[in-house]
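Let me begin by handing over the structure; questions about it come next.
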Amino acid sequence: MSMLLLSRASAIVDAALAEGRANNLAPLAVAVLDAGGHLVAYKREDGAGILRFDIAFGKAWGSIGMGFGSRELATRAKDLPTFFSMLATASGGRLVASPGGVLIRDDSGEVVGAVGISGDLGDNDERCAIVGIEAAGFHAERLPA
Amino acid sequence: MSMLLLSRASAIVDAALAEGRANNLAPLAVAVLDAGGHLVAYKREDGAGILRFDIAFGKAWGSIGMGFGSRELATRAKDLPTFFSMLATASGGRLVASPGGVLIRDDSGEVVGAVGISGDLGDNDERCAIVGIEAAGFHAERLPA
Amino acid sequence: MSMLLLSRASAIVDAALAEGRANNLAPLAVAVLDAGGHLVAYKREDGAGILRFDIAFGKAWGSIGMGFGSRELATRAKDLPTFFSMLATASGGRLVASPGGVLIRDDSGEVVGAVGISGDLGDNDERCAIVGIEAAGFHAERLPA
Amino acid sequence: MSMLLLSRASAIVDAALAEGRANNLAPLAVAVLDAGGHLVAYKREDGAGILRFDIAFGKAWGSIGMGFGSRELATRAKDLPTFFSMLATASGGRLVASPGGVLIRDDSGEVVGAVGISGDLGDNDERCAIVGIEAAGFHAERLPA
C-alpha cells in the first residue's frame, strides 16, 4: 500500500478545519489515520467536548476496519443493530457508525487511510472530511446518494 | 476555563442531597466532575445500589463528553440507539444517556464541570442536580421543555 | 457485616482532609469504600492530579480485596512483584500496593470498609487515613511497625 | 485554570518537530494534552512505529496524572517498579514512565497541559518537548539535573 505522509495528513486536517470555519460549524475534532488504523495527525478546536476524539477516531477506524465509510456503517447498523454493537465491542470501542468517517484513496484507488470528524451534524462533519481529502490531492470515496 | 473548587463541588453535592431528602426521594448517589471529566466530590446515600456510582458518573461524564446534559443525550439515544451504544463503548463505559446529568456553567457561561445523580426517577435526579448547581452559585443548563 | 453509613464515611473524609491541611501536606484525594469495595464518599482537594482518584481508590480496594492494608500489600509486592502485577491486572486496575489504604473495623472487629488516600508521601497519606477512621469512631488496623 | 488553545498546542507540536529535524533525530510522535488529559493536537512523522502514539500520549498523560514530568516518573519507577506497573494498570495504560513527557505551565505557574514525545532517546524527546513548550510562550517544568 502507498503511505500516508504526515505532510499530506496535516493538509487534510487543516483544509477540513478551514471548511468548518468557513461554514461556522460547531467546534470540530479531526483525526487522520493511516491504512493500519493508526493516528497520523489530529487537531481539536477550542470548545469541542472531551468525547470528540473517541468519536472522530472511531468513525475513521471503523471505516478502515470494514472497508467503507462511516455513512455506510450507519446505514448497515440501522438494519443490524446488535451485530454493530458487537463490532464496537469486538474492536475495543474503536468503531463508531455515524457519518463523518471517509476513506482516503490514492490515484490508483488504493485505500491509504481514513479521516474521521466529529463536532457538528454528521452530514457537515462528512463534507469537511471530503473537502480535506480532496484538498490534499487524494480521492474521497463517494457513495451513491 | 475557570476551575471547579472542592468547596463549591461539595456544596453542590450537599444541596442536591438535601433536596432529595426534602422530597423523600429514593437514596441518591451524587457525583461532581470537573471540566476534564474527573471526579471532584461524591456521596452515596445509605441504601443506594452498587451500580449507582457508575450511573451517576456516566450521566455527568457523558454530559461533558458531548457538550449537553444527559436529558438531551437520552432524547437523541432514543432516535439513534446503536450509535449511542457505540458511544458508551467508545468511552469505555463512561457515558450513560438518561436524565440526571447536568452541565455546570459559571457566570461567563463556560462549562466548569457536570453533576450526575442516580437513584430516583430521572426527572427527580435532574431536579436535585439543578438545585445543587444553583445553590453553589453556578448556572445549570436548562433545555427547552 | 455492619454497614458503613454515609454520615460516618463523610466524617472520615473530612477528618482526614483536616489532618492533611493541619500538616501542610500536598493536595489529597480521599476515597472511602464499603465492605463490598464500592465508593461511598470522595473528595479531591484543589490541585491534586487526575490520577489521584484511581490511586486512592486502588489503595482502598486492594486493602479490602486482600484483607489487609496497602502498606502490607506494598511489602508483599516487593517480594512477589510479578504476582502483584497480575493481581493489579486481574482486578481490572483496582489494586494499588502503596501505603495509604487502611481497613476500617467496627467495635466487633469486623471490616466495614477501607479508606484510600493519595497525594503526599505514602506514610503521610496513611496517617491521615488512620486519623480519619478514628475520628469517625472506627478502628484502623495498625500493623506492627 | 487557563485553557490550552489549539493554536498554541499546534505551535508546540510544530516547534518540537522542527527541533527534531534540526538535530536529525529518529522520526517522532508528538502529543499535546490539556489539563484534563485530553488530546488537543498530534503529529506522527513518517516512519515512526505504531506504538509511538501510545507512548507519547502516556508520557504526557502520566505527567498530568501525577503532577510532574515523566523523567521524574521514570526515576521513581526505578525504585518502585511494581507500584508503577500498578499505576499503569490503574490508569488503563495511560501512564508511561520514561523521559519525554513535560508539564506545560502558563505565566502564573498553573499546569495547562503536557507534551509527550516518543521516537528517539528519551533525553532527546524531552529536549524537543521543552523547545516546543517555550516556542509557544509557555514554561516547561525543569527539574534539577
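So that you can tell them apart, the chains are marked A, B, C and D in the order they are listed, and the count of residues begins at 1 in each.
Simple rule for what comes next: contacts are C-beta pairs under 8 Å (C-beta built on N, C-alpha and C of every residue); 3 or more make two chains touch, one makes a residue touch a chain.
From a predicted model like this one, the values you see are computed outputs, not experimental measurements.
> Give the rotation angle, in degrees and rounded to the nearest 5, that superposes the C-alpha atoms of chain A onto those of its identical copy chain D.
Copies differ by a rotation of 180 degrees.
> Please state whether the interface between chain B and chain C is built from the same residues or different ones, using more than half shared residue numbers as the mark of same.
Because over half of the interface numbers appear in both copies, chain C and chain B meet with the same residues.
> What is the distance in Å between the mean C-alpha positions of chain B and chain C?
Inter-chain centre distance comes to 26 Å.
> Take the average of all CA coordinates in chain B, do the same for chain D, and state the distance between these two points in whole angstrom.
Going by mean C-alpha positions, chain B sits 31 Å from chain D.
> Would you please write down the residue numbers of chain C that are in contact with two or more other chains?
Residues 50 of chain C each touch two or more of the other chains.
> Considering only which chains touch which, label the overall pattern as line, ring, star, complete or other.
Drawn as a graph, the chains match no named shape, so other.
> Please list each pair of chains that are touching.
Applying the touch rule to all chain pairs gives A-B, A-D, B-C, B-D, C-D.
> Residues of chain D touching chain B in their complex?
Interface residues on the chain D side: 1-3, 34-38, 92.
> Per the contact definition, I'd like the list of chain A residues that touch chain D in the complex.
So the residues of chain A in touch with chain D come to 3, 5-6, 10, 36, 38-46, 50, 53.
> What residues of chain B sit close enough to touch chain A in their complex?
Touch residues, chain B against chain A: 36-37, 62, 64-67, 80-83, 85-87, 89-92, 95.
> Which part of chain A faces chain B closely enough to touch in the complex?
Its residues touching chain B are 48-51, 54-55, 58, 74, 77-78, 81, 84-85, 88-89, 93-98.
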